[in-house]
Amino acid sequence: MVTDRVKQILSWYSSDSVGIKTNIARLLNHGSLSGTGKLVILPVDQGFEHGPARSFAPNPPSYDPDYHFQLGIDSGCNAYAAPLGALDASADKFAGQIPLILKLNNSDTLSKLENPCSAVTASVKDAVRLGCVAIGYTIYPGSGARNLMFEELREIILEAREHGLPSVVWAYPRGALSKDGETAIDVVAYAAQISCQLGAHIVKVKPPKDFIEQSEAKKVFEKYGIPTKTMADRIRHVVQSAFNGKRIVIFSGGETKSTEDVLEEVRGMAAGGSFGSIMGRNAFQRPRAEALKLLADVMEIHRKA
Amino acid sequence: MVTDRVKQILSWYSSDSVGIKTNIARLLNHGSLSGTGKLVILPVDQGFEHGPARSFAPNPPSYDPDYHFQLGIDSGCNAYAAPLGALDASADKFAGQIPLILKLNNSDTLSKLENPCSAVTASVKDAVRLGCVAIGYTIYPGSGARNLMFEELREIILEAREHGLPSVVWAYPRGALSKDGETAIDVVAYAAQISCQLGAHIVKVKPPKDFIEQSEAKKVFEKYGIPTKTMADRIRHVVQSAFNGKRIVIFSGGETKSTEDVLEEVRGMAAGGSFGSIMGRNAFQRPRAEALKLLADVMEIHRKA
Amino acid sequence: MVTDRVKQILSWYSSDSVGIKTNIARLLNHGSLSGTGKLVILPVDQGFEHGPARSFAPNPPSYDPDYHFQLGIDSGCNAYAAPLGALDASADKFAGQIPLILKLNNSDTLSKLENPCSAVTASVKDAVRLGCVAIGYTIYPGSGARNLMFEELREIILEAREHGLPSVVWAYPRGALSKDGETAIDVVAYAAQISCQLGAHIVKVKPPKDFIEQSEAKKVFEKYGIPTKTMADRIRHVVQSAFNGKRIVIFSGGETKSTEDVLEEVRGMAAGGSFGSIMGRNAFQRPRAEALKLLADVMEIHRKA
Amino acid sequence: MVTDRVKQILSWYSSDSVGIKTNIARLLNHGSLSGTGKLVILPVDQGFEHGPARSFAPNPPSYDPDYHFQLGIDSGCNAYAAPLGALDASADKFAGQIPLILKLNNSDTLSKLENPCSAVTASVKDAVRLGCVAIGYTIYPGSGARNLMFEELREIILEAREHGLPSVVWAYPRGALSKDGETAIDVVAYAAQISCQLGAHIVKVKPPKDFIEQSEAKKVFEKYGIPTKTMADRIRHVVQSAFNGKRIVIFSGGETKSTEDVLEEVRGMAAGGSFGSIMGRNAFQRPRAEALKLLADVMEIHRKA
Amino acid sequence: MVTDRVKQILSWYSSDSVGIKTNIARLLNHGSLSGTGKLVILPVDQGFEHGPARSFAPNPPSYDPDYHFQLGIDSGCNAYAAPLGALDASADKFAGQIPLILKLNNSDTLSKLENPCSAVTASVKDAVRLGCVAIGYTIYPGSGARNLMFEELREIILEAREHGLPSVVWAYPRGALSKDGETAIDVVAYAAQISCQLGAHIVKVKPPKDFIEQSEAKKVFEKYGIPTKTMADRIRHVVQSAFNGKRIVIFSGGETKSTEDVLEEVRGMAAGGSFGSIMGRNAFQRPRAEALKLLADVMEIHRKA
């Protein structure tokens, strides 16, 4: 049974194949938030992005790829997202228990590139082989290598489409921007718009700050009085920038922080119209019981919004 | 029924397949200007090129991709042109109501590249899937990356041809040119010539200014007394430079400006033999009623020329 | 009927397929010089290379692609060579009236590249579609990008060969050479040799000057007393450098000049054993009647040589 | 017959095909350590990496590729790993006598690259042709060229997978790291994690030193008291970082050293949970009898661990 | 009939297909040295590498591609090696009279590249079309572009193998080396080793000098007393470095020199175990009678070795 809300969301993807819509429905119809049109995703790529000790030492059972599958399943997340190796290690064992998103590109922090760009570390064929419901890809709008990433993503979306797999785009502005500019409201909204134009079915951005990076944008925000003061205001602008809310947009939590800070942030996002959260470190670096409680609380906030 | 004028225009594409000619005819036989051999196209790529707030805040309903389809349909435009995401979002809903042009490459303004070059963000396969009548591609003649763009375009035209899709080339000189040089009459005419030589079926350039950038060209303009004083003079030279008028050339309006300024410019273009206009911001950033009126007036000018 | 001279020329291509030899024969058996083993080709790529006004303003009917086909036909040239767009515009109208050579790569002069390199602007598939008898490709020996060009040419010759199309190589030394060095006798002969080694069926070079660029070559020219004083001397060395005269080598006329200067130059070329001329600007920038007269005179010189 | 330990190891690769698991089993079921779940591999790529005299002059019979096959067979190693030419030279002669790993990329030391990167010198097709049980590939995490290597490896793993061949990844951090940092415990563990995430079935790293390179990692090692003092401590952390011990990790011996030093190091590795050793120069540069004794001693240590 | 020596040589290529072995046998079983296991090859790529006058003016009949085929045939060489154009020009005329090696890449000396690298100017498909017994490829170990060359060669060997064509590798160290280092004994031996590891069936290097370039190598040559004083000593080390003599290694003569100097050098090579010579300029730049005499003398030296 598909709820009216899920049907409405699927209607925004009407140019897509039934296969794509079926997989979006699988995402929306799994876990605690099944059928609400809201979603919470557990992503675990920090082993690649920050190294194993920084990622898993705070909660040593999390060194094991099985841990994250079980956490995603037990917490009632809509999906679990990870790089190739981590999915390969446990996908067979947990087959059919939670929708999977294969993250196709990843960066490490052993050294820096002049133009930030992730390596494509897995293929659409791997996603098909592992029974995934979607693929994930990270773009860095603002990077000198952005055209390369946009073009890789084009090819990947095209190939994923042939297999009925929707695309989740992680959009992290980076490169020719100030540090604050990476999460400026104009920049985050711009990144969401670009992701939608590139063909993303689901967009993942960071929660925007009350700061405007680009002077041309600043003039427009002021002239038309676009509110940016509260988190809800800013989320609303980002959602509007994602085809007037007709693309699923979710927000990450960023760095580890106190439980109350996490929940407060999520309340702002929910109030602004976020479709949900994607929560990695704040979940798996906590002891399992705490993580389950936190994820349940986050889901409850989204359910009630 | 195909008018004599449309038949004449199609005769210039006689080396092309019936499929290509059929799609050019579809463009020319739709909307208010159907059958006149003139055309007005609504292009909306500013979300990608300038960001969402700068593009859509002046007229907030335009955040929604549906808005532009409806505007293109109701105004009687010959076609609507947009990037992949925007077409994907609404093409199914408005199927068969307006000819579509998929813009295959796009630039953003989050950061600058040393050698200006758009990213290829969609594929000919997407255009086929979405029922488009043509593909669009932007070249930057004068850029250090122009050879790359010319070669990408060659591949795209070849592939589009296999699907009976004509190619619309946006030719924006940029790179090793002065700021005025980007719209200098010699440079714009050169860009139109290059586009035609590359195999463009339809060429889109900016209205040229009364300025000559290249010293070698200046000598020739003076020696042979090529007139460049009025907009009509300059449009005439550009049309002549597009295979003596045997390729469809249309002109954009550029930055938002007053209604009278827009119409005055269009009158000059029409007098010089332009095949029509392509008008984005000046249309969709106005309130809908104003936009409909403006587009109707523009079409009337072209019809009477 | 194939003349003995044409049979002799074809014998130098005996490792090639019948298809290739048939197309070389079509070139040699068309127009005023049919069967003589000499050839005069009309090339029109200046619209792309120098811009429309510089190319066509001296003789405005030449803005029209049809003009050049008609000029090539009426003057009795062996072939007409042009970029994709120009051939596409008129090939159907003049089908079967003159052998066509599709120039697959072209440069523009809107800006300069650090390492001179033309863009590949058309494909062998286009040549097949347009009924061409050969493809053309320009290399810049001496450029820092020469390896790229040599490798592109290798791929193109291989693909053209599969379609029975011979390859005409325009060899213009450029890059790490003095200005005079670009047409130095040692350099032009070297460029002809490279073209032959790369697999060119027909080589087109500029008329060499009485100047030696490379010191290692200078020693050899002096030691072995290779004459370079007259045009005929120099042409003879270039023809010898093209597999001892077993590859067709033709020479361009370069910049527009007086009729007598053109003819004097052609007489020198003919005396030195050139297989013919390739004459663009000197033909189409003159009024049509003058151009027809000039081309007839040029052909007469080659016929009598 | 497959032992329980081997069955357990194979269970960690349950998402993989039977073909991949069969080849991992072949590796684990060959030689002196057959069935123990431990493995010792003989790798000989030094001829390419350091040149012939530096590699083989200490033991001249080793100039002959046959020598290494025979040493691997007689010593009871689980496998012999080498570049294309060395395998090609002797694989037919020793067919079926020892599992082979084809090293697909190699570096030489005739000159340095700005961004360290090996050349891909052989193909998966070669591995299939030569009857190999696995392919090997070296990555340099930390190099400015790492993305290129990660992406090549992705393609190679994908292709190898189609042929049922598991992938052995040599992970040598290099580039934007201090000299000590290349074998720092945090860096080696990070390299192991990256290899696993990229899809490596078997990971080969250098023995880590009691040194932490990255300041962010240092904080975490201190905060959570991760022990790094003994070799066993450090090996334990690396093995944990390789999916909590669910990927096979083996360690090299590095530079030639005294027999006792080698064995002492191996004892530390074995105590820390290493799955085995990969030992090149320390084996083949010794006289054959000594090498056989050393390898037997190393195997004995691993067997007893 | 295949001699025992040829059978022995073929046994070193036992992992290869019968097709490859058949073509190696064709090389070894042709000409004056047929069946001896020795070979002398006539290579003519100087027209491309040094230009036509520098190459052919000393003996003008050599401007003609037929000349070299006839010289190779009449002198009893085992094979003739040349670039595409030269083979194309005469291969049909001399079909079946001498084994041919198509040199797939070539450099010119019109300008220098920062990282020395030849252009790939012909394809394996051309070698098949022209009835060749092998392909040739030049690598520059030590060049900043060496990885590119090694990877191109990998692809070429793979493709050649599919057609039963063995690969002859010209290994010329160049780039980050001193001028003397390019022919230093350690460097030449290293280049031979690399070629063998890359899969070369036959290796061609320059005669090494009594000089050691790399300090790490110097220590080893001294420690193990590797003799380098005589040409025979050095050749012996190079042959040993080519899989202990299990790959065919031949040496070039380098610059034109006196007949006695050439023969003296060849005597040293033969004494050191060279499989033969490859002799270009020293042959074809001499008058034909002298060249035939010289080649006969060289063959006699190798036969008696």
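Just so it is clear, A, B, C, D and E label the chains in written order, and each chain counts residues from 1 on its own.
The criterion applied here is as follows: contacts are C-beta pairs under 8 Å (C-beta built on N, C-alpha and C of every residue); 3 or more make two chains touch, one makes a residue touch a chain.
This is a predicted model, so every value here is computed, not measured.
Common neighbours of subunit C and subunit D, listed by label, are E. For the pair subunit B and subunit D, chains touching both partners: A. Taking each chain's centre as the average of its CA atoms, subunit A and subunit B sit 36 Å apart.
A separation of 58 Å divides the Cα centre of subunit A from that of subunit E.
In subunit A, no position touches at least two other chains. Viewed as a network of touching protein chains, the structure reduces to one closed ring of chains, two contacts apiece. Passing around the ring starting with subunit D, then subunit E, and so on, the chain order reads D, E, C, B, A. Residues of subunit A touching subunit B in their complex: 12, 14-16, 141-144, 146-147, 150-151, 154, 158, 173, 175-177, 186-187, 189-194, 196-200, 214, 216-217, 220-221, 223-224, 226, 237, 240-241, 243-244, 246-247. On the side of subunit A, the complex with subunit D involves touching residues 47-48, 50-54, 57-58, 60, 63-65, 83-93, 106, 108-113, 117-123, 125-126, 129-130.
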